[in-house]
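Input: one structure, supplied below.
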Amino acid sequence: MVFPQLSRGYDRAITVFSPDGRLLQVEYALAATKRAALALGVKSKEGVVLLAVKKYVSPLAEPPTKIHQIDKHIGAIAAGLVGDGLMLIDRSRQEAQYNKLIYGEPITVKNLAKRIAMFKQQYTQYAGLRPFGVMMIFGGVDDQPELYITHPGGAFYSYEAYAAGMNSDKVNDYLRDGYKPDMSLEEALVLAVSAAAKGQEEPINENTVEMAVIDTKTKEFRLLTKEEIQRIINKLPREEKPS
Amino acid sequence: MVFPQLSRGYDRAITVFSPDGRLLQVEYALAATKRAALALGVKSKEGVVLLAVKKYVSPLAEPPTKIHQIDKHIGAIAAGLVGDGLMLIDRSRQEAQYNKLIYGEPITVKNLAKRIAMFKQQYTQYAGLRPFGVMMIFGGVDDQPELYITHPGGAFYSYEAYAAGMNSDKVNDYLRDGYKPDMSLEEALVLAVSAAAKGQEEPINENTVEMAVIDTKTKEFRLLTKEEIQRIINKLPREEKPS
Amino acid sequence: MVFPQLSRGYDRAITVFSPDGRLLQVEYALAATKRAALALGVKSKEGVVLLAVKKYVSPLAEPPTKIHQIDKHIGAIAAGLVGDGLMLIDRSRQEAQYNKLIYGEPITVKNLAKRIAMFKQQYTQYAGLRPFGVMMIFGGVDDQPELYITHPGGAFYSYEAYAAGMNSDKVNDYLRDGYKPDMSLEEALVLAVSAAAKGQEEPINENTVEMAVIDTKTKEFRLLTKEEIQRIINKLPREEKPS
Amino acid sequence: MVFPQLSRGYDRAITVFSPDGRLLQVEYALAATKRAALALGVKSKEGVVLLAVKKYVSPLAEPPTKIHQIDKHIGAIAAGLVGDGLMLIDRSRQEAQYNKLIYGEPITVKNLAKRIAMFKQQYTQYAGLRPFGVMMIFGGVDDQPELYITHPGGAFYSYEAYAAGMNSDKVNDYLRDGYKPDMSLEEALVLAVSAAAKGQEEPINENTVEMAVIDTKTKEFRLLTKEEIQRIINKLPREEKPS
Amino acid sequence: MVFPQLSRGYDRAITVFSPDGRLLQVEYALAATKRAALALGVKSKEGVVLLAVKKYVSPLAEPPTKIHQIDKHIGAIAAGLVGDGLMLIDRSRQEAQYNKLIYGEPITVKNLAKRIAMFKQQYTQYAGLRPFGVMMIFGGVDDQPELYITHPGGAFYSYEAYAAGMNSDKVNDYLRDGYKPDMSLEEALVLAVSAAAKGQEEPINENTVEMAVIDTKTKEFRLLTKEEIQRIINKLPREEKPS
Amino acid sequence: MVFPQLSRGYDRAITVFSPDGRLLQVEYALAATKRAALALGVKSKEGVVLLAVKKYVSPLAEPPTKIHQIDKHIGAIAAGLVGDGLMLIDRSRQEAQYNKLIYGEPITVKNLAKRIAMFKQQYTQYAGLRPFGVMMIFGGVDDQPELYITHPGGAFYSYEAYAAGMNSDKVNDYLRDGYKPDMSLEEALVLAVSAAAKGQEEPINENTVEMAVIDTKTKEFRLLTKEEIQRIINKLPREEKPS
Amino acid sequence: MVFPQLSRGYDRAITVFSPDGRLLQVEYALAATKRAALALGVKSKEGVVLLAVKKYVSPLAEPPTKIHQIDKHIGAIAAGLVGDGLMLIDRSRQEAQYNKLIYGEPITVKNLAKRIAMFKQQYTQYAGLRPFGVMMIFGGVDDQPELYITHPGGAFYSYEAYAAGMNSDKVNDYLRDGYKPDMSLEEALVLAVSAAAKGQEEPINENTVEMAVIDTKTKEFRLLTKEEIQRIINKLPREEKPS
């Protein structure tokens, strides 16, 4: 923001195009997601792993759960503004329930991500609204493991592994290097934990991360216990393990 | 605000993102809460303590009650703009009643905090509204003692002990130092009072603080009498006791 | 307003927060109340006294009544913009009637003040509105005498004695000095009149002030006759009595 | 308007407070009323006199009637913008009819003025509206003669005699000097006419003023004929009579 | 517009008062009417004459009819923006029909003008609208001939003779000089035509003006034929007759 | 736009008057129509000719039909923004159908043009809208051939021959010179084609113009075939014929 | 954007005309489409080919399908903002279903394009909206193969071959050169692939493009398999084939 006057007017009041076709409020909303704690997902042939770093604003504070069950077979993390995330988690559950009610079957991860992407898009096109400052990560198992991402502007993508939030660029590089298409769920868990460790200055432990899996056998969302998380962290190679 | 022109436009009209992803109106609302009298909560294994400093605008004035009963088992303090606080206390009671009506059981402290957080969030995303200039402190006993905080932007957290309002930074440091996970209710009461004393220039007494407890036995919100408050103040170590 | 440009933007269009957490439109509304004629209330153990100075815009004009009966047991003065005051007096009566209709019993002074405070608050949070430029003084007798004040921003307080409007700072100082907790109603009447005299350049008389009492025996609002007001003014010590 | 920039922002878009608590749009609306032709009312023990100067925009033009009957016993003049006045006269008649319909009795002059004052007030508090540029003069007889004035901002007053519009300051001074509390209706008519003559550069005659009376005997609004107006003008002392 | 910055802000966005009590948008709308072709009306004891100059934007163009029948006994010309005029002619017809439907009798010219004036006024007081850039001339015969004018701001007047549009100041002067209270319809027709000739650089003829009369015998609106118009033009004194 | 600051504020946000009574947004909309391909209509005693130049944005593109049938006996061209034109063609068809439904007879060309003109006018008077950037040309046969034009501001005119769009000034001059009141349909077709040729840098042919006729015998809208267009072009005098 | 101040005001808040009749927000929306991955369509006598380049934001990401089936016989690509595209694809399907429901027959490609064009147009004319940053390509077979394009401003065109998105200018030149009116479907497939190759820096392969055909025999939309795409790429002349 060396020359703040150059962006004057294009990023205010309502979300309009800048002369080069950008929606600056959407880009600023993306910036908001980078200020939030790291969150990531990893897909393996045996299931999907979700991991969220817990940001302790104080040693006396317990942050609210970051990983939320959306449906029996789907979990989600809202990386970004906490309040905005609450709204989108709530909306996601409504979409899942609505799908069951109307079509008589569970929503697919892809359709859920698409519905939320379209919901977000509307907050970028109508005056009197601002975009959601949240990147959503949806993980679940339909016929096979699925991992979907929705951007503040309404785009959505399928990923093998994806990290959002603080230091996500570095962590995504790490995921790219470490990802193997035929990983087992166990390998995915380890990759998730070691990637999270990459993004934190402090060593991670069972109290600073939440984890969940949806495996292809049960097709059920399940939060990991602290013991389970501890067990995975212990599998990290020495230089990544907390001392 | 040395260069007020640098923030021009991002903090007006409606709550929109600044280029670095911040919602300035939310931050200014937070600033509003720092101008209000100190309020705090302390959780112990035997119950939750709420304490509010009474700000006497005149020796002839009696400020309105700061600690409000929301449900049989929940109390709340609204730290910030008095008028905004009235609205949120009112809304909290509605949420509690609604929960009983719809689900046939009392609302949990966490769900109450979450509902209020989501209510606050909406005031940060739609044009024609401003955020609430209020930090809410909810204390209560569900299965166990609970203490929750909601921010003006819609975030909420569980805390062991938390102070909002004037000098809250200093008081939170004090709470951090003095908090012990296995405190009795009596110890929590003393910690609350001594923390409040830290945040005031004048010595505190039974007329300048309100206190309430929700203990795990009765699970009932109860305001302390002036005698009870007096008794706790008398337990303060000499240097903290009013002379 | 030496540097008007410093407040540019924060005090216009809608009521939004300034960077230091203030709502400037609310503060300006408060300034509006200071331009209105003095109004005050005094609480005694035997009842509440309300007094309003009549501002004669012309010797041929009779200003509208300043002290209004809200319910059998409650009176009110709207200090500030005349038109805004009409609205709030009207609203106060509606609240009183509504309470009787819904709960089958008269509204308490405190609840009335709280309802009006919440009504005022809404005019500070939604776009397209401005705050009420009025300070309300409610006096009445529920189980005991009550005197309540509501600010333009939605705050409300219980007072032993309170003055709003022109020169109210000086008059409040005088009230503070002269107030005694165990005053009789007669003493309260004299205090009210002598405080009003303090705030006026011209000596006051039975034509320049309105007065009302709600005593604990009848619990009924009653406007004083000119003779009664004359009698009280005559009791003022010489230097305060009109020559 | 030597320094137009000093009022920048406080007098535009919507009616908001200036830092010193003023509503500039209301003050500008008042300025609008001063540009309109003179209108006045005089109260006597035997009835009320209304007088309006007719502003001939051309010798070929006949301006619309300025004095309007609102109810059998009430007349009104709208001093200010012609179009705004039409609206308020219309509204006044609706209020009068509504009162009869709902309460089964004619509206009092005071209540009518109060209803119109409250109607005007709303145009000063909500965005998307501007205040009415009109001062209303209501004259009528309830139990006794009544003369009421409403300001653009929503204030209303009872007057013995009052002039609005062009040169009204000078005319009000004249009314103040000439008014006697125990005037007969005839004396009030003469005072009205001579006051009107004071405010005009040209001598007045039966074609340049409209007049109406509501006397205490019939309690009925009646427009004076040109002959009657001529007769009263002839009673003016020489120096005030048209040559 | 030598100093355009002096009017900045008072003439934009919505119609608000300038510090001296003017509504600039209304004045600008008036300026719009001065850009339109001349239109005029003349009242005589035997009927009313309406005349509109046809502005040929091209020799191949036939401008739409300028004089419109509103009711059996009323005609109207909309001088100003063509599109705005269409709306007001349409509205006038609705008002006439509505009057017949509700009151069972034809609307009077005065009431029609008043209804349209009130309609126009609303476009000067509510945000999101602009005033109509049209001056309406209504001519008709109720009990006697009537000629009414409505301004863009909502004022309306009765005139003996009135011209709006281009060069109307000069033409109104001419009308003022030539008007005689006891004119015959024939004299009014000649006055109308010669006045129109005054306002045009080119000599007028039966193709460049439209004319209509509503006489007191038939009380019916009637457009003049080209032959009739030709006949009247031929009666003009030599220097005014087209060569 | 040498001094863009001179028009600041009058041409933005909503369509308001400039100090000299102009609606700049309407004028800019007119400018938009000048950027579109040429369109024209010619009226003869035997029928109406419509012609639209097809603007090939690419040799691979086929522009959408420019001449649209609105009713059995009416055709229309929307010269200006393509999207805006679609809306107005659609609206025209609705008006035609509505007329048949309500009045049981086909709409006249004049009434259709008037309805569309009034529709366009509304987009110039209400905030939150912009004028249509389209000039409509309506041709048809009611009792006789009719050619009507509507402007973006809501004006409408009857023309003998009219061209809108690119180079329309030059083409209208040509039409003015070439038009003869007693032309046959064949002559009108040739005039239309030769006028179109005047407005194009490239020679025209059966692929670069669309043509339609509504003749007085069938009173039916009919698009010309390429062969027919070719035949007419061949009748052009040598210097106008494509080489 | 050398002189950004020259466009100040015309491209903000709502979509209004600039003095030269342009809608800048629409032009900026067009700029947005140029930032998206290349998409194209080619029409042959035997059917239509759709091709979309897949933009891999990461090697771990699978972008959402770019080519969507709208109806049995129609496919579409949304080139531009992903979120906006989702909305328009959704809307297209609704239009197709609506057509079948109301008219009992499948929508034609042209009508679908027109409906979407009109939908887009509305986002350019009403305040509180921004245009869609998307160029739509509709391909299908009605009686014959059809390829339609809709612009962000609401214009639509029929094309023989058209490319939108990144480097589309260069690709459209290539299409222009390579297009032959009597191509077979096979030739169209090869032209599409070789044109896409022109627009990419990297050689294309079966993983970086999606393709679909709607042939005239089945009249059914069908996505090509990776093998089929591979087969076509292999037919590219050497210099265009991936090495």
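For clarity, chains are labelled A, B, C, D, E, F and G in written order, and residue numbers in each chain start from 1.
As a convention for this text, a residue touches a chain if its C-beta (ideal position, glycine included) is under 8 Å from a C-beta of that chain, and two chains touch if they have at least 3 such contacts.
A quick note: this is a predicted structure, and the numbers were derived from the prediction, not measured.
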item: Rotation, 0 to 180 degrees and nearest 5, that superposes chain C on copy chain G via CA atoms; value: 155
item: Interface numbering overlap (same over half, different under half) for chain C and chain D; value: different
item: Chain C-chain F separation of Cα centroids, rounded to whole Å; value: 69
item: Centre-of-Cα separation between chain B and chain A, whole angstrom; value: 31
item: Per-residue overlap in chain C, given as positions that touch at least 2 other chains; value: 13, 127-128
item: Residue ranges of chain G in contact with chain F within the complex; value: 6, 9-10, 13-23, 114, 117-118, 120-122, 124-128, 149, 151, 153-162, 172, 175-176, 179
item: Residues of chain A that touch chain B when the two form their complex; value: 1, 4, 7-8, 11-13, 24-25, 28-35, 57-64, 81-84, 86-87, 90, 123, 127-133
